[in-house]
């Protein structure tokens, strides 16, 4: 089969990008070895792209005792899988495998997070996150209290809500644009790290 | 009954806000006569607040032949009602009544948009938006084509997707924080404009 | 947009009504200042109209310590909102605002009754009513017991079930006929009563 | 197992009934050979009972070219099965078998009406009725037009809506009261009529 | 109406069957007085037919203190009703009536197993079985523990899972082939056994 | 985290297996390089194990012009993903990658088969298979006709139904036993074959 294009919408040429966006893209590409397609797909709307990446970084690039970077990626994987979002499952699954140093955990969480071999804390986190993603009116004060009971701070609890909410946006945009994952993501982090 | 607090999370005092946020809040308050609670509730997280309002303005404050400001508000009302989000239904319902100069349309769209007295164009828009909101994987290329068939430009089509996606975020954040609408919103725009 | 007609079915002329129905309509119009469209829409079927209003009055026009008239209207609002029934949400929302002397409560209950500022008793009532409305086989003896635990008598409990059941009928009939609310209902009771 | 009582609510003694209700019960019992439990269960609320039976008779005891008495019973069976209502499936299944002179049709319609050996007209009727029962906001003008296209009059179309709506009430009341079918209903009409 | 054929796929003539299948069919027909249509419908695929009946007999023809043959049939009835499978509800409903010596229980379990007059043990069994049938990922270790708490052995627990899983297959195959129940099944076991 | 055991039920020791099963296991292990856990988990029930593998092989080990071995594996991946079945998604995803010689297709089909780069024939196959898996009563004669319209023979059509039905069983059994995939499956076939 012919592979589909990256997006249903225009993909801006790199040299047409505003300076601030172009600079950011260079940094990402340098670090990852390739430019994730979400950057390319958002570039034709520079204002939204800048706000999108600012919001993303604000909640994802943070390591706290209650919610590690790997934990944050697993929230993305679990809620995006609930939305059948290929881009987010594949791209953030790759990051999750690398950050968790576990070649299996992303698939386990994507397909059936309830049986995934995670801590009680992370089961509580994913229970709240997937509820907020799928049936937001059903989230209760008890749900938030279950998170602090597992040691999350008020900031961590907010982050659980904000990450889930941000990827509710991201999943829908990816479906709307039929965003395609870069081939590199599929196999990243699939080798068990040496002991 | 005692009214609940504005949010389940801290509400930053006005004088503690970073200058850029404080300035923005002043402008909004000046214009609306009161500060919508979403501003107060997001202020404790200034980076996310700035990104949130930038993204909001980028897709909501735009008037195009294919998608007026009133039309954009009705997308918010229809998709937020599908998520049972009180803040967004009440606040954006008020704005929709004012922008559409119609005291009934917000309730009609919130409760049963399918029977609401709207143009075929807006019925197509709301059909796609509510599908993307509720079942994003079910959106097809035919859905997008149905919008251009009604005269929307490619930018308008993207805006339908982006508005819906942004309020998927917003609805979930409002539920998570139990955000409460300002009392002013409930009755705004309920008087039919004079002929 | 042109407003749609009151109903998809014939609307009987007032002078063609049987005497008992005509008399009843006069009383209602006198009291409300206008004739709610449900009366006009049912009039072409006088036997069903009479039975419909008899059943309505039997459970709605009753004030008990366990279930006030305002409480009964809120059951209608919550369950009708679950069925996306514009007529019932708008008309009974108006009555609820007036009976509860609260300009906000109808919208709060219609959009997200779980977070509405109501007593624990009314939360229990709405939990049972919305379950019966949406998933009747899931109602258990424990549900009924939760109501008596909050002080409802056996008659009150039956009324919760009967009101919910009656509006399951009413909501479906309103959808089937595409019944349109009178414009008056939208703004009734929206001013906070003076202290 | 011990059989459960007829209803979770009081069952009025026959001699305590108001005269009009008592008379009606005598007629039914005379005709059927036993008193269906719905009569016994409603008797403690005479006003509602009278309205209930009036509404029932108005739409069920009618034979038209577009909608026979047997057809009306099958609407009840199909929509009540969708609500998992034992009383209505068993009692009206019995009546349907007798009126349709078909010992199989009630079970066929209750379990999977889509594959039941019925006319295209009745498939259209049951498609609309089950949609109205399960998802009332999804009924469109095309649904009603599909019925007149099969020869139903405007009165017949209304009856499809009214029967479905009435049993939406009836199913919920039966679940709420845990109404038990009379044993006689289970085996009525199960012998194929002689040729 | 003309009755539909037994299956949408070819029905092999009896004399064309492989010897082992033919022999089995003779035994069944001898015992039941007629050949259930599932045998006829599967015969064109002898390997699958043999495996199907072997799996069926392995879990259905077993009587244990924790799970009688009648109990096993009721698992089939409850889960098949959840899948709207006419063949399985009617055929196994008949067997359930006979094995349970109860003319009402099959209909009670098919339409609303939650209110059926069964032991707490069987309510636990049907709760787990219907959950596994409808939402398999939601089955938890607590579900399995609820069964051993009611006296089921580890083999009985497995049988609950295996019966439910086998009829998940069977229900889908019956829908796919539009398998029709033999008329004999509808009325079998409907007379109460003499005391 | 400690990895969970292979199954919630006993795992028979290899030397305790009946001869026919032991022989089969040796063949599989020889061919795959390891014994897939489904074999180990079923071994304690030899009769069901034999029937299970016989049924599996009858529909999976077949290459026809209308339905290749790779196509059959993708039916398993799509329907098992709909049931959130980790074992089947991971194990059959691995086989699908190898048989289709495509390192991406299994993830694409598991997460969002509608947008996967497949032929119109395979889109039709997966549309019918996922409908049968999720909502079996909704499969119509038109669904089966859509498959023959794409060149499938009557045997191929049956296989689509039988594969889907068989994995409805398999997915439920895997959830019930909490069956764990062998680690080997996760990375098999992830390298693009050389041109």
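Letters A, B, C, D, E and F mark the chains as written, and numbering starts fresh at 1 in each.
Simple rule for what comes next: a contact is a pair of C-beta atoms (placed from the backbone, for glycine too) under 8 Å apart; a residue touches a chain by one contact, two chains touch by 3 or more.
Remember, it's a predicted structure, so these values are computed and weren't measured experimentally.
Student: Once you count every C-beta pair in contact for both, which comes out on top, D-E or A-B?
Tutor: Result: the pair with more contacts is A-B.
Student: Indicate whether more than half of the residue numbers at the chain B-chain C interface occur in both copies; give same if so and different if not.
Tutor: same
Student: Which integer distance in Å separates the CA centroid of chain C from that of chain E?
Tutor: So the centre of chain C lies 44 Å away from the centre of chain E.
Student: Mind checking the centre-to-centre distance between chain C and chain F? Centres are C-alpha means, answer in whole Å.
Tutor: Whole-Å distance between the two chain centres: 52.
Student: Can you compute the centre-to-centre distance for chain A and chain B, using the mean CA position of each chain? Integer Å is fine.
Tutor: Computed value for the inter-centroid distance: 24 Å.
Student: So, what's the distance in Å between the C-alpha centres of chain F and chain A?
Tutor: 28
Student: Find every residue in chain D that makes contact with two or more other chains and list them.
Tutor: Residues 84-85, 112, 137, 175, 178 of chain D each touch two or more of the other chains.
Student: Hey, which residues of chain A end up touching chain F in the complex?
Tutor: Checking each residue of chain A against chain F gives 1-4, 81, 84-86, 89-90, 103-104, 107-108, 110-112, 115, 117-119, 175, 178, 183, 186-187, 190-192.
Student: Where on chain D does chain C make contact in their complex?
Tutor: 8-10, 45, 47-48, 50-52, 54-55, 58-59, 83-85, 132-133, 136-137, 139, 141, 144, 154, 158, 161-162, 164-166, 168-173, 175-178
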